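Right after this note come the structures.
Look for chain A in each of the two complexes below; its partner is chain B in the first and chain C in the second.
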Partner chain A sequence: MNYLMRRLTAFPLVLLGVSILVFVAIRMVPGDSITAMLGTEAGLLTPAQRDSLAAYFGIDQPWFVQYWRWIGGILHGNLGISVTYGRPVLDVILEHFPLTLELAVLSMIIALIVGLPAGIFAATHNEKPSDLGVRIVAMVGQSTPSFVLGLLIIYTLSAGFGVLPAMGEFAPLWQDPLRNLSQLILPAITLGFAFAASVTRISRSAMLDVLSDDYVRTARSKGASARSVIWRHALPNALIPVVTLSGIEFGYLLGGAVIVEQIYALPGLGRMVLDAIQQRDYALVQGSVLFIALNFMIVNLLVDLAYVALDPRIRLGEQ
Partner chain B sequence: MRILRAIFGHGSGRIGGVIVGVYLLIAVLGMLGLTPHNPITQYRIDRLHAPNGAYWMGTDLFGRDVASRLMAGVGQSFTVAFFSVAFATLAGTVLGLAAAWLGRRWDGVLMRLMDVLLAFPAILLALLIVTVAGPGTWTSVVAIGIVYTPIFTRVVRGPALSLKAREFVDAARTFGSSSSYIVTRHLLLNLVAPLTVQVTLALAWALLTEAGLSFLGLGTQPPAASLGLMLSDSRNLMETAPWLMIFPGLAIMISILGFNLLGDALRDILDPKMRRAPA
Partner chain C sequence: MIHLTRKLLSGITLAAMLGIATVSTQAATLHMAWSQDATGLDPHKQTAFSSLRLLELIYEPLVRVDASLQIIPAIATSWEFSKDGKALTFKLDPKAKFQDGTAVTSADVKASFERILDEKTGAAARANFLSIASIDTPDAATVVFHLSQPDVPILTAMSDVNAAIVPASEIKAGSIGTKAVGSGPFKLDKWDPNAKEVLSANKDWAGGATGVDGIEISVLPDEAAILAAMRTKQIDFALLNDPLVATLVPKEPSLQLNREPVLSYHVLQLNPSRKPMTELKVRQAISCAIDRQEVLDTASLGEGKVTGPLTIPAMATDPSQLFCYKRDVEKAKKLMAEAGFADGFSATVIGATGEPPTAAAEAQVIQSQLAEIGVKLDIKMMELNVYVDAWLKGDFDMAIALNGGRADPYTMYNRYWTKAGNLQKVANYIDDTLDSLMQKGRAETDPAKRKVIFAEFEKHLAEVSPWIWLYTSYSYTAQQKNIAGFVPTPTGTLFSLSKVTIQQ
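Let's look at the complex of A and B:
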């Protein structure tokens, strides 16, 4: 339990660090937020008007007072007001999050459906031409940036088949599932490709590792069929690193796939953060970065828990 | 010499080594300005030419030579990647050694700080840093460097901790060696192998992140050439001038592939534990 307890006690500490880092980083952006908000009109303000605006937004206070207020607000579910949307930051984030979540889930499904069988196949055909083929495809897949693949897919579709990916107004899953899927399938393949390549590589090497273990040899010598050795004895243990890798990748994807959302014009979390940065909507940047970091930390913690639960060596070693 | 021979005796090492070598050559030529044409000169008469004898990879919307821009872009991307990885390696090694050597409280504080940095998805942290410092080449270097520092810190700290507990370190202490001598001589030298592998793989990520930042308009600023920027500019002309997308896209992909292959080979060669299951 020692390891898990350490992780759990470190969690709030790291979260505190993250919140301070985000807060300080935003305060370090050159220019004051009043000028950023009003643009050239800020030049028309009298000093008195500027002061009263600063007092209204609370930015006349020292940074630790501002930080304290921000944290106090967060604990009450109040992340501030987005200047560009004119609505509470939390509402804006929660509006963009479902798309990102759905995209992450779809990409992971694609990665596991393709990557896991490919990895097992390669491991059971070790050093044969088919193994080499799988390894080459996986290596290329892992080296292909999502934006290169995304553009290639769009180009191939439009030049080869005269079709364009379904863009336009985004349809939420619960309103129009078919249209929603048609909009998300290409982005999910784009993200899932490199993800699948990583899954293939890790499941292949984990499987090879396990297949050379003593207990697998014992099972074989006792006359267990090749199928039973692979599926019943080897696979459950080979899955441990796959779960870890998939969890971490999933955590990354929950942060919004900034570039893929940009290419396919999807209103997800990543693109929202990018827009907020470009429009200097500091409350929104601050709130969403904290939200994303928190998600990422929670997923990583869950991955650690799963790791402990799956690996009997760790589980039994503690007792 | 021995390591070079080992790399070229390794299947994927050979391919990766050749790719990285060719790219280094292109990068140097691009940085020295030894390109077929000037990468920012606009040959207005020759706008959007398909690849031909005069322009090997065609020209862009402004009549600039794509091949020359690509060479300059490779030079730019490699500069950013090398400096940012050098930054991360140096910072990570110093922090990792400090955490391992000083131990207890220092270790706890340093590693929690690294946890804070690791709590951000890489591209998001880079975006945040670029927002604070404003886009540009050197901002990209610092941003990517900071993003990868925690990874190097971890890579160094773990082995350094176990080396610290070994007999030869005790022996060196008994002989009256200073801390700085032990850290540089006994710890650092033994960390060269894991660091070499990590540096090679980090170069692949750095190239990817640099291209991503430039693609979003937050890295290299126009009119300077950068692969990510070229790719981003190609989007609206995809159907009329596909060469604008295909060449920079392939250039990014193959460069990352080269470093990945080389990194894998180095891991096989330098880390005996991994030999059993080369992935």
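Let's look at the complex of A and C:
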């Protein structure tokens, strides 16, 4: 409990650091909201026109005044207004987040359902042809770029089986669950494939480690069945690196899967941030990066808590 | 007998087809896709290609240009220059109505142009209208623009959606850009940025009934995915940028590709304020060393045509007659030697990633061509906004650019090639000949004489070679074959979607 409290109190500090970083970084990139809107035509603006547009975009003040205003707003729960959407940043983020969350959960489910058994299978068949087969597939899965896999899937499945990407008509889960799943299954497979490959590889090597440990030999020598050795004795201990990996991957996915969202035209967080960066929608970029950072911290915390559940010997923060 | 039966049969088939055709023209939504979404709704401020294409369906300017770039009526039914060229009078269409039901009056026209001219607005096309001294509205259907000097190109500039007429009441309410109330063929029902637009037919449009009940535009960022969606008939009509994807369209039996040469041009901008591009002979040597057709063939699969500075069909001259449009490496080497650069020099060329998609390939071809005369090019690709920033500051040795065109050469080039041009610091080159030819072209009302003036302008510009004009590409639209009535134009406008029908 003590540990949890300490971790939670660190949150605001980390977020403050992130806020300064993102605020400065996006402003250090050349170009601003005006050039993003007008492109080279921005050169035709008179100084007075430029000033008035700068005021409109809220970039007329020195950066520290802008930062102060922004931080002040956040303390009141106001992340600012997105200039592209014309709506509060938080609304825009919360509108795009459910899709990203769902996609992350789906691909993690796919990754664990496929990856864990495959990893265990490979470990128990160490250096046999079947192990080699699993390892080759995992290697291919990890090294295939998602845009290649995504386009291949679209071309083969959408033409052959009529399973279709969203095409801008995305159906939220709570409105039409079936249609929503049919739209998300291809992107989830695309993401899950590479994810499953890393789960396979890490669970295989973790399992191999554990299987050579003394207590497993002890269990075996006491006559425990092969199945019981693997599932009851070895697996819980082999899970720790898998949890770490899945946690980090999941945290990344919560930041949006830019390429997959782009290919399947999904209105997720990743594409939203990318568009916001290109359009120099400062408030939206800042707000969503903070949001993503917060998610990552929560996921990390959950991962640490999961360690305790998996291995009672670990007592967090109590040396 | 057999002959007669056949005739009869074909007659019946024809009748049946006609019948189907008439039945099918009602109640339909056109599903459209593009890869880049509009970036805003204020017609006076937007310059992004998609924004203009969207807003042209919602708002109307006073006049429009047709497929051959001739001025045709829009909100104004007729117009006339005074004898001295200093007054331009418009008669407005009495049927023209905004989508909130109010009539379009001369007061709206006046308020719209005052908004464009107001520096506080930040209007993109303001520079084109600076000759407007005052605006009179003798009655609700008449507008008179008084000009400080004769300005023929102003009429073409008024055909742009950046000069759209918006309701005076909306200007007052400050709601331009948040609410789209135009007088055009479609109303904007919903806009979900970077996802989709929903448009419905404007039943009160003065231009008559539209061919479809509505248009739904989906933003599909990946053009290969757009093609996939068209194969499965989810999308009826799409805008394509990437020639690689466009050339795949004709391979699908149910799809049709429309290609139209556009006004915008691919160009290698030299920076004549930087050594050694300050030397005329060096610039000319670069021009002679570049094989424009090879750039086009390699970077753009030959999709386009080599062009001089004038891309407007009615104005363009035969590019093969321009300075060094036939590659001449020997001449180039000789020019380099005369300028004192027999051993060549090093320079950096900048380009924007993906804008146009061919930018990197163009830079690479040019790099290898210029290597033959000893010019060592270092290619620097940048994110679009970073590139725009450097471009506007004139901070480059050379730049690969895709610059927009206009229907009138003066409006298109006064920003670069006049002494008072707003983008002189980008062009960094001007001489008296260019400036005086531009001023002459601006005041001349006789189309034949204008053509001669601008032909001379073009010839001189190619000779002094501040920039190396390369080629114009095509604008691509892909459609299902049952979509009828779309007319592609050099400006890229999708306005003819207002009369498009979906056949069964």
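The criterion applied here is as follows: the second predicted complex is superposed on the first by the 255 of 319 C-alpha atoms of A that agree within 3 Å, B and C clash if a C-alpha of one lies under 4 Å from a C-alpha of the other, contacts with A are read in each partner's own complex, and residues count from 1 in each chain.
Note that in this section a contact is a pair of C-beta atoms (placed from the backbone, for glycine too) under 8 Å apart; a residue touches a chain by one contact, two chains touch by 3 or more.
What you are looking at is a predicted structure, and each value in this text was computed from that prediction instead of being measured.
Touch criterion met: A:Ser143 reaches chain B, while chain C stays clear of it. When the shared chain is aligned, chain C comes close enough to touch A:Ser52, but chain B does not. When the shared chain is aligned, chain B comes close enough to touch A:Ala293, but chain C does not.
Of the two partner chains, chain B and chain C are each touched by A:Leu151. By the touch criterion defined above, A:Asp275 lies against chain C but remains apart from chain B after alignment on the C-alpha atoms of chain A. Taken together, the two complexes place residues 29-30, 151, 154-155, 158-159, 262-263 of chain A in contact with chain B and also with chain C.
Across the complex, chain C is touched by residues 29-31, 34-46, 48-50, 52-53, 56, 84-86, 151, 154-155, 158-159, 162, 164-165, 167-170, 262-265, 267, 271-272, 275, 278-280 of chain A. Per the touch definition, chain A reaches chain B in the complex via residues 10, 13-15, 17-18, 21-22, 25-26, 28-30, 135, 139-140, 142-145, 147-148, 151-152, 154-155, 158-159, 201-202, 204-206, 208-209, 212, 251-252, 255-256, 258-259, 262-263, 273-274, 277, 285, 289, 292-293, 296-297. Interface residues of chain B, counted against chain A in their complex, comprise 12, 112-113, 115-117, 119-124, 127-129, 131-132, 134, 204, 208, 211-212, 215-216, 228, 231, 234-235, 238-239, 242, 245, 249, 252-254, 256-257, 260-261, 264, 276-279. Within the complex formed with chain A, the residues of chain C that make contact are 33, 37, 39-40, 45-48, 119-124, 126-127, 178, 192-196, 216-222, 224-225, 228-229, 231-232, 234-235, 383-386, 388-392, 401, 403-404, 415, 422-423, 425-426.
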